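The structures considered in this document are given below.
Two complexes are shown next, each including chain A; its partner changes from chain B in the first to chain C in the second.
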Partner chain A sequence: MTLIASPPPGAKATRNHPKKESLFQRIRNGSAWITILTIVVIVVLWQIIPQTGLINRVLFPTFTDTVAAFVQLLGSSYWWGDLTKTMSAVGIAWVIGVAFGFAMGVALGTSPFVRTAITPYAIAVQALPKVVLAPLLIGWLGFGSESKIALAVIICFFPVWIDTMVGLSLPSANEFKLLQSLKASKRQVFLKLQLPTAIPLIMVGVKHALLLAFTGVIVAEILAASDGGLGTLAKEFASQLNMGMTYAVVFVVVIIAVTLVSIADVVERRVVFWSEESRARKR
Partner chain B sequence: MTITTQTSPLVKAEGITKIFGTGDKEMVALSGLNLEVKEGEFLSLLGPSGCGKSTALNIMGGLLRATEGTITFGGEPMTEPRRQIGMMFQQAVMFPWRTTLENVLLPVEIFGESKKEFKPKAQELLSMVGISEFENSYPWQLSGGMQQRAALARVLLHDPKLLLLDEPFGALDEFTRETMNQELLRLQNYANSTAVLVTHNITEAVFMSDRIAVMSARPGRLVGILEVPFDRPRRPELQTTNDFIKLVAEARSMLELQ
Partner chain C sequence: MTRTEGIAQVAISNTPKARRKKAAPYLLTIALAPFILFVWWLSTDVLKAVPPILLPTPGSVIEAFPRVVGAAGFGDQVLRTLTEIAGGFALGGAIGFLLGILLSTSSRLRSAYLPFLSALEAIPTVILAPIIIAWIGFGIEGKILQAAIACFYAVFITTLSGLGLAEPNAINLMRSLRASRWQIMFKVKVPIALPVIFGGLQLGATTAIIGAIVSEFIGATGGLGYLMLRYRSSFNTPSYWVIIFIFLAIGLVVYLTIWWLEKKFVFWRSASINRPDLEKQ
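And then the complex of A and B:
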C-alpha cells in the first residue's frame, strides 16, 4: 500500500476572482468614454446655465467661479486652521467611537446576559435621529470641541457596535463544534474563531463610522460656530451669500470624504484579504 | 489482519437516551441506545435522517451529554471532549484567514503546544493526503475535496485513538467522495485508529465498515448490527460482487426500505 498519494482526481486549485477593471484599463478598452462624457456634460452645463440667467448666478456660481473660490480658499490664512480643527475632531471622535462601539459589541456579542439587558435600549438609540442630541450636548459641554466630538462619537459608534455584535455570532455551528471538540476555552473560541470571523463586518462598521464621525463633526460645527472648522466656514460663507466660497468648502468636504473612503478601502482589502467581497475586488 | 481481537470495547454506550427541549417541544432524538465500538474497527451508524445518528456521534465525542444512560471511552466515563478523539464534520471547517498548513496546526495552538515541533508532522500528513504543494494556499483556493483532505490531515495530527466522522464527504460529488473514502480507509489503517462513521448511504456503509449499526427514526433507536466480513484493503471492484450486493440488500431490509 502506498502511503504517498499522487495528486487526486478532482483536486485542482480553483481561483476565480471576478475582475473589476481599473480606470486605466477602461480607458484602454474604450469604455471610459461614458464616464468622461458625463463629467464633461456636467461641467459644461454648470458653466453655461448660471450665465444664461435661467438661475441666479449669485446663488449658483459657475464652474469657473467655483474653481476661483476654491483657489482663494486654499490660499487663505484661516483655511489650514479650520481644516485641522475639523479633521482632528473627526480623528478623535472616530477613535473613541470605534473603541466604544467595539467594546459594546464584544460585551453584547459574548454575553447573553448583557445582550438581554441592553437590547431594548440599543433599539431605542438606533431609532433615534441622533442629531437631536446636539443642543443637549452643547448645553452640557459648551461650544468648544468637546460637544463636537461628543456628537460625532454618538453618531458614529453605533454601526461598529452592531457590526461587532453580529459579526461575533457569524461562525457556523460546525466551526463552534470543531473548537468544542478540541476543548477550546471561551477565550480561544473568541480569539481564534469569533473575532477573525467578525473582522470583515467590523471593518464595514469602522468605515461607516469614519464618514458618520465626519458628518457629526460638521453638523456640530454648523450648529455651534465658536470653535471654527469646515462646517463653520460653510455656514459663514453662506450667510454672507458668498456662494463660490461655500461651494469650495463643500468641494473640500467631498474630496476629504472620498479620500478617507478610498484609504479605508485599501486598508480593508489588506486586512480582510480572505473575505468574499475583497477577494472579488482584488485583480 | 485480525479484526476481531477480543479486548474490552473502546467505547461502550449503555441505554443512551437523548431528549431535546422540554414540555410540548420535547423531542426524543435517541432512545435506549446500546452500542460497543471495538478497538481498531470501522463502525458505521447507518440510518435515515432524524434517526439520531449524529446525536449519538456527538455524545461519543463528548460534545453532548446524554439525558439518560452511560458512555465510557477506554473504560472511563465520557463527560467532555478528549484529545484522543478526533472529529470530522460534513464541512471541512477550514478558517479562510489561515493557510492550509496553519489550519492543520490549529489543534496545536488550542492545546498550547509548540507549532514548530508539530510543523514537520503536519507537512508529512499533508503530503500523505496528497496536497503538500498547497500548504501555503488558503482554503478558498482549494476544491471541496482538497479541503476535506486538509481536514483529514488536521484530525490525524494528534494520532487520535478514535475518529468520529459525521458524513465527512457528504457535501462532495460522488466521484470525489469515493476517492476520499478510499483515502480514509488507507489513513485509518495507517494511523491504526478506530473509526465511527455516520452515513445515510448504504453502499458506503457496507464498503467502509467492519460492522454497521442500523438505526431507525422517531425515536432514534438501534435496529440491529450487521457484520461485514470482507477482507482489507478493500478495492472499489468489491462493490460489484454478489456478496456485496447481498449485504446491501440485507441492510436495506433492516432499514425497512423494501
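And then the complex of A and C:
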C-alpha cells in the first residue's frame, strides 16, 4: 500500500544534496567569482537604492546602517541574555524531543505489525501543522520558557520518531532470516541488526530535529513576548520600526542556524562513518 | 530485491490467506481510533487529569462544532486561509522548481549559488515574519509571501537533486539522437526527477500551511489563525479545538491530493520502489 509510504519522503529526498565543492575548486572553475560579484552587486544596490528614495529608508535601511545596527546589537547589554535564553531552550527541547522520538520509534517500530497499524496515525500527526498548538501551550504554561520548550518538543520529536521507525525496518528479510537461523534472540536482532542499520537514518532525523527545535522556540518567542529571546527581540524592534536592528537579529539567527547545521554535519559524518553503504542499500 | 523474488511475492500476496494477513494490521488501526477517543474522554471527562484550558472534553468539542462552523463569516475565514496556503504554495513551488531547473543546467551557477540557497534549509523562516509585516502589513499578501518563503526550499532542492538522477548513458543516447537540451530536459531528466520532486511538493505543502498559520498568529485581520486567537482570548477552548481539527483535515486533504497526483503523473513507477516503506520487511 503506497499510501503508507513514510510520511516525509521529501525530507529524505532533500538529503541527497548535490556535492559541495571546495573553495579551491570553486576559484579554479570561476564560480567563486560569480559568488563574489553577486555579493558585491547586492551590497551596492542595498546601499544605493534606499539613498535615492525609491523605497522607504525607514523600512529598508542602507547596508551601512544595517552594519552599524549589527555592531550596536552586539555591543548592547541585553543581547547575551536573549541569546542564552533562546539557545538553552533549543538545547533542552532538542534533547527531550530526540529522547521522546527515539523511544516512540523503538516502541512502535520494532514490530512490523504495529508499525503498519500505526502508520495512518503517523501520517495524521505529520499532516497536522503542530504550530496550531502554540497559543494553547502559551495559554496553559504561561509566557515563560516552559511553553517555548513544550512547543519545540512537539515540533521536533516527529522526524526522530519516523526516521527511527523507518530505520528499524531497513534490514532485508534475508538478514532477519539469517539471524533467526542462528537463534538470535529478539534483543540480539534489535541490537546487532536493526539498530546499527537504523542509526544513519536516525542521525538525519536528529539533525532535522535540531533545526525544528530552533524554529519552534523562535515561533513561541515571537508569539509570547515577555520572556525574551531572539524571536522577541526581532518582533519588538520591528514593531518600533527599528528595521536596522531587526535585520541584525535576523542575521544573528541565520548565522546560528547555518553554524548549527555545519556542526551537525561534521558530527554526523564522524558518528556514522558507515552511512554511505547503508544509504545505498536504502535505494 | 531480485526479479524472481518480486514475482514470487506478487504470487503469494494474491492468495486470500496472504491478503487477510496483510489486512490484519489495519484492523488494529481501526480499533485504535475508538481507543484513542476513549482515553481522551477518560482523561478529561472522568479523571479530569488534563486541564480543560489545554484539552476540553470530546463532548464539548462536538457541541462546539456547529457553533463554530455556523458562525457568520466562517466560510470567508476558511477561504482566506486556503487562499494564503494555495497562493504561497504556488508561488514558492514555482520559483523553487524554476530555480532548480536553472541551476541544474550549469555546474558553474550551481557551485556559485548553492551555498547561499542551502542556508535557507537551516534558517527558521518565521524569523522573517516581523519584517514582512513591517513591509507589507497585516494583509493577505504578507501571508502568501511567508508561506512561499517557507515552502520554496523543499521544492527547489528536490528539483535540483532529482534532475541530477538521470544516468549519463541515457543523456548520451539522447545526444547521439540529436535531441535538443530542451528535449533532454523534459523527456529524460524531468520524468526521472518527478518522484523526488513530488516528495518535495509534499514537504513544501506542509511547510506552506505552517508558514500561513504562523504569520496569521503573529498578526492578521482574518483567517483561521486569527479566529483561533480570538477563541483563545475568550477561553473558548472547545471552539479552538474545532479549528485544530479543521487544520488536521486541511493537512490530510492536501497530503492525499498530492499523493493522488503523484500516482497519476508517476504512473510508470510504483512509489514503493524509491520510498522507504514503513510496512516493508
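To be clear about the criterion, the second predicted complex is superposed on the first by the 239 of 283 C-alpha atoms of A that agree within 3 Å, B and C clash if a C-alpha of one lies under 4 Å from a C-alpha of the other, contacts with A are read in each partner's own complex, and residues count from 1 in each chain.
Here is the rule we use: a contact is a pair of C-beta atoms (placed from the backbone, for glycine too) under 8 Å apart; a residue touches a chain by one contact, two chains touch by 3 or more.
Please read all numbers here as calculations on a predicted model, not as lab measurements.
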item	value
Partner chain in contact with A:123 - chain B first, chain C second, else both or neither	second
Which of chain B and chain C A:107 touches, first, second, both or neither	neither
First (chain B), second (chain C), both or neither touched by A:195	neither
Partner chain(s) touched by A:92 [first = chain B, second = chain C, both, neither]	neither
Which of chain B and chain C A:68 touches, first, second, both or neither	neither
Chain A residues touched by each partner, larger count belonging to chain B or chain C	C
Which of chain B and chain C A:182 touches, first, second, both or neither	first
Contacts of A:133 with chain B and chain C, given as first, second, both or neither	second
Interface residues of chain A shared between complexes with chain B and chain C	1, 3-6, 8-14, 172
Touch list for chain A against partner chain C, complex	1-6, 8-14, 16-18, 20-21, 25-26, 29-32, 34-35, 38, 59, 112-124, 126-129, 131-137, 139-140, 165-166, 169-173, 176, 201, 211, 214-215, 218-219, 222-223, 230-231, 234-235, 237-239, 241, 243, 246-247, 249-250, 253-254, 257-258, 260-261, 282-283
Partner chain A, residues of chain C touching it in the complex	1, 24-26, 28-29, 32, 51, 53-54, 107-116, 118-119, 121-124, 126-131, 133-135, 154, 157-158, 160-162, 164, 196, 198-204, 206, 209-210, 213-214, 217-218, 225, 228-229, 232, 237, 240, 243-244, 247-248, 251-252, 254-256, 259, 263, 270-272, 274-281
List of chain B residues in touch with chain A within their complex	58, 61-63, 80-83, 85-87, 89-91, 93, 95-97, 106-107, 109-111, 127-131, 134, 137-138, 140-143, 145-146, 149, 173, 175-176, 179, 183, 186, 189-190, 233
Residue ranges of chain A in contact with chain B within the complex	1, 3-15, 172, 174-175, 177-184, 188, 192-193, 196, 199, 272-275, 279
